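When the chains are written out, they are named A, B and C in that same order, and each has its own residue count from 1.
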Amino acid sequence: MTDAPLPRLTLVLGGARSGKSRYAEELVLRADPPWTYVATAEALDDEMRERIAHHRDRRGADWHTLDAPLDLLGAIGGLPGAALIDCLTLWLSNVMFAGRDVEVESERLLAALGSAPGPLVVVSNEVGLGIVPETPLGRAFRDAQGRLNQRVAAAADRVVFMAAGLPLSLK
Amino acid sequence: MTDAPLPRLTLVLGGARSGKSRYAEELVLRADPPWTYVATAEALDDEMRERIAHHRDRRGADWHTLDAPLDLLGAIGGLPGAALIDCLTLWLSNVMFAGRDVEVESERLLAALGSAPGPLVVVSNEVGLGIVPETPLGRAFRDAQGRLNQRVAAAADRVVFMAAGLPLSLK
Amino acid sequence: MTDAPLPRLTLVLGGARSGKSRYAEELVLRADPPWTYVATAEALDDEMRERIAHHRDRRGADWHTLDAPLDLLGAIGGLPGAALIDCLTLWLSNVMFAGRDVEVESERLLAALGSAPGPLVVVSNEVGLGIVPETPLGRAFRDAQGRLNQRVAAAADRVVFMAAGLPLSLK
């Protein structure tokens, strides 16, 4: 990691357990506080509750946490400074599960990302590198995620791909 | 993307919805026309029909389209100039579904790629980065695709890996 | 591939059929013999038997083979020189299937990797780049593999990501 100042929009892309969140947190800490953690996860079951608690413990008390499983746009508009959005994959999943229009919501998200008051680091999963998913829903999600990643990457100043905790610069 | 002239054989590798086709099209447009789009997709259902139409609309009228779901070799031999082969993953799937010998067909494909009249850009999916597929067919496809990608990559002058619409040079 | 001398610990990460084993073998051959192939695969069915035989034939007679489906630690301690551990994914799968504690075994493995007598090249799969696995076991494996890869990568002197037989330097 270089010591370059944090640009307006950074996308941290990678697989599950690739160290995305940790790396993204380190990036945000380069900006001046306050730091906001915008959480899109919903604690619907024990597995999720455990993950959320694990992440929260690691960040420590210096972070303000904002829960935004669906209203990411409202959350971004009211940020007091640098923020980490973790993650677009859960947000997209929440949007689809709520029956909202992915295309419309993606457009609005892109607009919100562009008008954030402080620097943003956005975490997202790459999910298209396995074999074709067996269910139509699996394929629809994979496609929607891929399209969203492309759009955010095109708008981002910097894009990193994480593997085994190590960043690879894409942009 | 640099402005380097298009080499004889380029492999554009990546996940689903990673921007492979779009990037590959941009590469082919660097060569002099005519440009041929060699389509391996078969419009077997509405999902495929929609994808094919979407890609065709984007390319516009300047491209000649050649359908070659199985006879990729015949198509390559008769090309009038630069071409995009989109994609090896569907072709391999068609070969396996038709009960043909993957090894024999791959050998013949490699020979055809080497004797093409004009520069070729070949699109293929990386499908081996998820957990082990549950079905024997899923594992067989993943393995065959991985082996084919290795062989085409070894023969290629240039190999790019796409993620979120951004190219990463592998060779 | 450069001609740099083999460091103490190298991690070769990649998807299925990405050329990991072949590349890792080439790395080990840069060290002085004897070379040991530490195999974590168990020949439980014909599919596995075939893969094991295929790999063994390729390496040839100059390699000493050590079977260590579970006791990777004992194997590492007794190595006579440079070695290839192929692979952590099967080892982790064996550990989980045997009902052992993944966290404890991972800690012990990391300690063993750090105290090996000769240079080690370790092969592991990246499995987190598909859609979310449907089964709890699938998700647990994906998470455990991702965490293990991060830890080994942090301890490694060099990490390469393989795609289509081509190495990409991560560290």
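Convention: contacts are C-beta pairs under 8 Å (C-beta built on N, C-alpha and C of every residue); 3 or more make two chains touch, one makes a residue touch a chain.
Keep in mind that what you see is a predicted model, and the values were worked out from it rather than measured.
With rounding to the nearest 5, the Cα superposition of subunit A on subunit B corresponds to a rotation angle of 120 degrees. Where the sister copies subunit B and subunit C meet, the same residue numbers recur on both sides for under half of the interface positions.
Mean C-alpha position of subunit B lies 31 Å from that of subunit C. The set of subunit C residues that touch two or more partner chains comprises 15, 126-131, 142, 168.
Considering their complex, residues 14-19, 47, 126-131, 133, 138, 141-142, 163-166, 168 of subunit B touch subunit A. Considering their complex, residues 11, 13, 15, 126-132, 136, 139, 142-143, 145-147, 149-150, 152-154, 159, 161, 168, 170-171 of subunit C touch subunit A.
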